[in-house]
Each structure stands twice: as structure tokens, then as C-alpha cells.
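Have a look at these structures, which come just after this line.
Each of the next two complexes has subunit A plus one more chain, namely subunit B in the first and subunit C in the second.
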Partner chain A sequence: MDTIHACFKDKIGEVLLPGDVFSFRLPESGDGSIKTDKIICGPGLRRNGEEVQVCKSGILRHKQPNMYWIDSQQRRYVPAKGESVIGIVTAKSGDIFKVDVGGSEQASLSYLAFEGATKRNRPNVQVGDLVYGQFTIANKDMEPELVCIDSCGRANGMGVFGADGLLFKLSLGLVRRLLAPQSEIVKDLEKIFPFELVVGMNGRVWVKAKTVQQTLIVTSLLESCENMTSQQRQTLFKRVAEGSL
Partner chain B sequence: NSHMYVCERLCSTEDCIPGTGTYLRHGYIFASLTGYVLRKNEGEELPVISVVRETETQLLPDVGAIVTCKVTSINPRFAKVHILYVGSTPLKDRFRGTIRKEDVRATEKDKVETYKSFRPGDIVLAKVISLGDVQSNYLLTTAENELGVVVAHSEAGAQMVPISWCEMQCPRTHAKEFRKVARVQPEYLQA
Partner chain C sequence: MRDTPLSNCERRFLLKAVEEKKRLDGRQTYDYRNIKITFGTDYGCCIVELGRTRVLCQVSCELVPPKDSRPTEGIMFFNLELSPMASPAFEPNRQSELLVMLNRQLERCLRNSKCIDTESLCVVSGEKVWQIRVDVHVLNHDGNLMDAASIAAISALSHFRRPDVAIQGRDITVFSPEERDPIPLSIYHMPICVSFAFFLQGSYLLVDPCEREERVKDGLLVIAMNKHREICSIQSSGGIMLLKDQVFFLITFLVYIYMKLIYCFMKKKFFYPLLFRKEGGKFGFAESMPKERITALKRDEAPVEMTDVQETASEIVNRTETPTEAVSSPVLVAMGTAQVGEGIVNSWGLDEDEEDEPQTEDTKTGSV
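Our next item is the complex of A and B:
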């Protein structure tokens, strides 16, 4: 029924606050045929009986045909299953490594969760190393668990990395924009000079370029992309590209 | 039944036979516990005098008893619970119990995920399989159809309704959550 989508349509692209409510009063039609549509509530929206409540502040977004969610800005990361993150190894205790992922608890990483690792062939991981892994268990009741292999047993780009380079922190919204399939920011950055980039969904980014100066330039460009429109960003990148040549 | 203090003299050996909580000294019976005095005629010549802490004896969970417990914390390998009731009698102290991952279900034991069977705060019906050592807790199992989660609250805070042996639904948000649900016999369900 159009009533459901109409309630949301006015507010798409507007800033909503927690506590805002969408209530649907289906019109009482004489013939008794009420067509109900299905809508999918994404992050930030919650159903409460006959209404939909907003539980995070942000902008309401819509994706065809019927998905709605709240796009919110956040810097604190909450571990979720299936997300790939950059972690820092803080301790080795018995068979597991304790890894700091920026959440409320440290995650545990078993030493067998690397490609080609067996009980005799232990992986070469030291305290202070950077690891890129995925969460297998991540909920509010248990300690999160990381693995550096996928379900087939292959590394697939995960594992220990980062002999040089620089690790810094960005907001979660910007990281999601960087990881989008056709990210403009990454495309524009590639034109300036080549560099290696690892992006973790916990807001951590690792960069390595040919010289230290180039690494620092990429770092400060990424940090400044947070609050710029695409126009401002492109002019800035053009100025940097001309200046460095 | 009067209240006794420790080392209080109860009576002489000629009047009663000493029972639990008492000791003999110099021909007199003394109390060794603080509690209530019980005099029982057990068919011998003299009554047996004993001192007990409480008038009712504590019911302890025994192997094979069905207990009602509340989940306190979960772990990928086991769930820790507090035992609240043994059968239908409430316990005065909370005993601690453990439900291991292998004891949650009877079939497909290696595919069990603790997070999809129990959550902290759930009320669970379980059976005692072992009393454990000095250090460890009671070992419990839910590997039967009638055992498992009976009362659970959803993430929104409402009490959930069971829809199958492995799912429960929240009436407010209509979100489904996984639990190992107990099949309660119809005569125990109240309308």
C-alpha cells in the first residue's frame, strides 16, 4: 500500500533523531481488501508493534525496492560477524592470540586459524604485529573471535602484514565509503601516485607508499576527506597532484 | 524448639542420647552448632537430642534430577548457570552449574553454537548428570525434547513465544531468535 512508503518518502534524506516514530494507520476500505507491503528495516530502525521507531540519529536512506535504514556517523566500532578488520596483537597466551580491534573487548585469534598452520607449524606472529582477519563470533554476550582464513581454508588476503607503512584511524562512515565497490575517493587517490592500502571496517587504515613523505600525504588526504564534498575533494587532489610532480 | 548457642549444655546423658550437632563431655550433652533443638523418640529407651541449623533440611540436586536454572554467562564451549529450583522446590542458596556444548542437544553435537542455544538471562530446564568435584560445578544436560529454554527475553526486552524446537519470536518486534526450546508437556502449561 502506498501509505507505508508515503510515510517514509517525505523523510528520505532528512536527519532523524532516536525516538522519531513512523506509525501506519491503514485506511479502512469498504471492500475489506488491504494490501500489505513488506518493508525491510535496516540498521537504526526497529519495529515496535504497529510502528517503526528510529533508534540511531542520522539520515534516512532508501534502496529499491523496499529497504530503509539510518546512515549514522560513529567512531566507536562494535564487532559484527563477517566483518574484516585490522587488529593489533597484544598478547600470546597458550593457543590463542589476544588482538585489539578497537571494540569493548579484545578478540581472540587461534594460532590454527592461519593458512597452512598446524600444531607443529606455528605461524610467525609476534606481539605488536598487525593482522587482517574476519569475525566468526561477534555478539554482545561473548568474547569476539577472529580468523585469518576463509571457509575453504585459504588466506584470501588475510593474515599478518605491515612491515612498514602507517596505521591511522578514520570514522566508520568514511571507511564504509572507501570500501564501496566503485569508491570515487580511492579512484581519485590512485591518480596521484601508487600506494598500498588496507582498510579495516573498525575504522583502521594502513597505508604504504614509496617514500615516507608520500605516505604522510596520503594519510592527511584521507583524513581530510571526512567532511568535504566531492567537488572540494577533487580540487584538493588536483592541487596536490600538480604540487608533487 | 528453643534457640541454642554453641557449647550450651543441653542435658545429661541419662536423659537423652546425643544426635547430630551435639557432643558428650563429662557425662553431659553439649550443643556444637547454633540452631534449634530437636528431641525425637526413635523407639529406643531414651529420646535422641540433636541441634539443626534450620528446621527444614536442604534439598540437594541429585544425579538425574530435573532442575530449573538461569543462564549467567555463555562461552563458545559451555554455558554457566545458577540452579534455582530442584523439581518444584526453590533452593535457598544458588548452586552453580555448567552445560557443556556437547550436552545441549542429542543429535549433531559438533554443530551446536552456544549463542544459538542459550543467552544470558534465559530460564532453562536441565537434568543433572554429575555432581562434579570439589572445584567444579554441577554438570547439566539439555539433550532431551522436554529440556531446554522455557522463558527467554528478546533483545527488545519482551518475553518471547516459542515457534519451533530451535526458534522463538518476539511479539513486539516480530524478530526471531535461536534458542534450544523445551517442549513443555501440555498439562504443565497454564492458560
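Our next item is the complex of A and C:
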């Protein structure tokens, strides 16, 4: 359907408000050959019958071949299935741990959802520890559930972590930019000095560098990247690299 | 809303940073955050920003009968509120320990130190005195609420003007601000609180702790001092053991320095708005908010699609259903009883209906 793409094309890069509607009327062509095109509606767009409605304010973005979404700024996290987040264990009750992920409800994490955990061999998790896990259940009707293993049963980087290092909070947009496959911010940061970085999609980031001073530097650099253009960021990082060396 | 719990690794990191004398925002151990004081258009209203901590204070006055034990003195009433917008840890209508401590410390600092001359607030001895009410609201909590609250309270009290009164015999005339200029309160001295947070059993000390540093602290020491090097109040909480020498060192060197810094800053901030006011210039909160910064609320004009607005509006009006007809005016059933609309048939107590019927007929024929 060329009409669908044409509808969206004029609005790519423009600011849209909740309530804006894209409606598609199927052309009454006599041939009967209706090509069905698939369009993927990302966050901020919702299908309502024959219309696509905008439900968040932001800029419309497009990724080839057929993905559209709304880029909006947000700091509060809403749990979604499949996302990897950093949680803080708040309570141990029986067989499950209660984990705070920054959403409206605390998520539950079963003690068996760790690699190599059995009923006899319980994982070593204390209240106040940091865990990196994925959501298996996350909708608005139920309490979210986390697991620290993937579908094959391997940890794959998830589980308890963070003996040292600092945890801080960033906006969700910046976190998504950090997690992009070829993130420029991370590449620029790597050139300054080595450090460990864990990024959770709930806006929480854990950093560990060799000394306390370096950890604090990385923290404040990441917090300041929020509103800077890439040019300003590169000049800032260059100044820091020269200063610290 | 629940507050985010502090994880073990954060706690360990913060304590390690304190040991190495490093702070999260790059300050030194004895550095205070930037203080910003802005006054509003009304007399007695001020906002204090200590880094990211924001506190609003409003002073108001009222004529009331005095207390029986002190018939010639005015009344000072202090009230500090932790608004839930300040932090997810603050719940509305909950008496937390922090709230009680802050209120008590504010009262001790300002009331017991007798910084305001309450005798001058008396209008008619034993009958009418001014009650000065100081309301402090915490708008954002990023640590060190006590200092911000005390700076806000004393700045607002200095800024405040009460209405002028004239007494003729037993008649009291209160003049409005247009008739006669309002009078400032008579303030003897300005006490300001300075907070110190202690870590690791009192071995390390930080001035002006931010919110995360406050969470891992062992104890807190708040000292209120005025310009004349008089200590107005000392409060130590958290049960840390401090040596006499440590406290003396703090008082003689550090507290006085901070007090002077804050005091000079306040004086500077205080006189300019007053000058503007006299010259007729613009003043108030709106003028003091920065507009050119990226985080300010100002936006450039954005084009809005305005074509066919009238047509779409009339289309929507035509499409919606007409509202149901309004009910006709009330029907007078009996003297003093009217009925609007038709009620549902009463399905209770069906036996009583037969008894009631002859009675209602009588009343209908009787009056109306």
C-alpha cells in the first residue's frame, strides 16, 4: 500500500501530539488485487481498527523498511516484556525475591531463575544486591516477573553483579542511545579510560572504573550527555581525556 | 509512591568516596553548594535553592488575642511541610521523624533565639496582637533541608511587611498597603543553620550533604549561628560520639565562615529587589527565572495546522447527538412538596400504600 507509506512520509521528523490520526481508505480498485503491506507500529503508535492513532507526544521516526515509532522523552519506566533491566533486591520472602525496577510495582524474581540453581543449591542473593534480568511477564494487569536466565537456561551475563561501582539514573532516551549497536557515546567514552558499564532499560546505569575519581568522571560525563549535540560531546570528552592523562 | 531503596554497592561506593575525600558532585569536603534566593511579588515570599534542593517560604500575619501567659507579646507560628512532590519518600499526611525534627529545629532556631521582637507585635495589650505565621514548603529534596529551610525562613521574615495600625481608644484601624506603607518586622539578628554529616563512626565529616550522602551518614550535627558569633542552637542526631575539641573546631572556624558567606549573599540578594521595587521596576519570581537555558520552559513558536478548523468544528457539532430534553419545571404536589420528573414506583412496603392513599387525597384537596 503506497498510500500508507505516503501518509506517514510527510510527517516523519515532525512533532505529533496524542490524538493525531492516520486513516487509510482502501482504494476501490476494480482489479481486486489488494497488496497487503505490513507496517510495524512502535512505541507511541497504536492501531485502532482502520486507523493508526498517536498516543504519545514526540517526533515521528522511520526505519527501513516498514517500522514507525514516536521518539519521546521520558524518565519514568514502564515494564515491558523482553527488556533487560537493573533491579535492586528489596525483600526475600519464601521462594521469591522482591525486586525494585523503578516501575509502579515491584517485580518478583524466583530463586530458581538463576543459572545452576536447584532447590538444594540456592543462589547467594542478599537484600540490597543489584540484579540484571529480563522480564518474562510485564503487562498492566499483573505483577511483573523477572528471570536471570535465557530460554536455554544459561545466564548470558544476567544475575547478581556489582560488588563495587556506582549506580545512577538516566533518562530513557539516553539509555536507548547507549544501547544502540554502534553507539557513538560509548565509543567516545572508551577512548578516555577503561571501565565496566551495565545499562538497564529502566534508566539505571552501573559504572565501575579503576579509581573512585574515574568512576565519578564517567558518571558526570554520562549525565551531561543528555542535552548535548555530538559535536559538543566530542569536544568535552577530548578536554577530559587531555586533562586526566 | 515508594522511594528507591539504596543498594549495597551504592552504600559501599559512597563510603569509599568519603574516605578518599571525594564527593558525588565534584565538591570538596568543606564546599557548600550554590545558594540562590529569589523573592516573590508579595512581601514575605521567597524561594531558596541550595543546589537542587528547593524550599519555599511564605510569611503572613493576622490579628488575634494573645496567649494568657504573655499578654503583651505577639505570637510566632512555624510550620514546615514536606510536600510529596519533593521526594517519593514523603507521603502526604504522615508524621515522619524527619518532619518532626525539622519543625523542632526551625522553632528552636527562630523562636527560642528571640530573633524577632515579639513585644513590637502587640497592638492592644491583652486583647489584640499580631500572629506571624511562617509556612515553609519543601519543593525538592536533594539533601540538607534544614539549612535551606532556615535561610528561607529568615529571608522571608526580613522581607515581610505587616500592615500599619492606628489605635484610638479601643478602636483599631488596620490600614491597607495603599493607604499607608506596611511596616517591616523588627529583627534583632539573623540565625542561620549549618549542617554537618558524619560518616564511619565520626571519623569523616562532610558539610552540606546531598540526598545520597545523607542516606549513608551515621549522624548529623546542626549548628545555628548569627552574625555576632552567638550560637543560637545546636542539635546532634544519630547518636554519634563527638569529642569536645571536634565540636569547638567546627564552631570556631567552619560555622562562622559559612554563616558569614551565606549572610553576605543574602544581604546582596535582598537589597536589589527592594531597590527595584522602589524604582518601579519589575520584580518577582517570573523575572528571576532564566529563559535562555535549554532546560527552561520556553519554546519557540511551532506552526499549528489551522485550515478547515471551522468546518471540522461544525462537523463535530452536527455529528454529536442532541442532548436529552430538559425536564419540565417542578410540579407542586402539595403545600411544601414539589416533584421534578417522575419517580420510580416504590416497591417497598406495599401494604402501607393502601393506608397512605386516603391521606394523600385529603392533602391534595385541602391545599394547592
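Side notes on the structure shown:
The definition used in the following text is that the second predicted complex is superposed on the first by the 226 of 245 C-alpha atoms of A that agree within 3 Å, B and C clash if a C-alpha of one lies under 4 Å from a C-alpha of the other, contacts with A are read in each partner's own complex, and residues count from 1 in each chain.
Just so we're on the same page, a residue touches a chain if its C-beta (ideal position, glycine included) is under 8 Å from a C-beta of that chain, and two chains touch if they have at least 3 such contacts.
None of the values given here were measured: they were computed from a predicted structure.
In the superposed pair of complexes, A:48 makes contact with subunit B only, with no contact to subunit C.
By the document's definition of touching, of the two partners only subunit B reaches A:145; subunit C does not. More residues of subunit A are touched by C (comparison of subunit B with subunit C).
When the shared chain is aligned, subunit C comes close enough to touch A:102, but subunit B does not. In the superposition on chain A, A:137 contacts subunit B only, with no contact to subunit C. With both structures placed on the common chain, the touch criterion links A:227 to subunit C but leaves subunit B unconnected. Look at A:182: by the touch rule set out above, it reaches neither subunit B nor subunit C. Those residues of subunit B that touch subunit A in the complex are listed here as 73-76, 114-115, 119-120, 156, 172-175. Subunit A meets subunit B in the complex at residues 46-49, 137, 139, 141-142, 145. On the subunit C side of its complex with subunit A, the touching residues are 2, 4-13, 16-17, 20, 22, 24-26, 294-295, 302.
Subunit A makes touch with subunit C in their complex at residues 15, 88, 90, 100, 102, 106, 126, 128-130, 162-167, 206, 212-213, 215-216, 219-220, 227.
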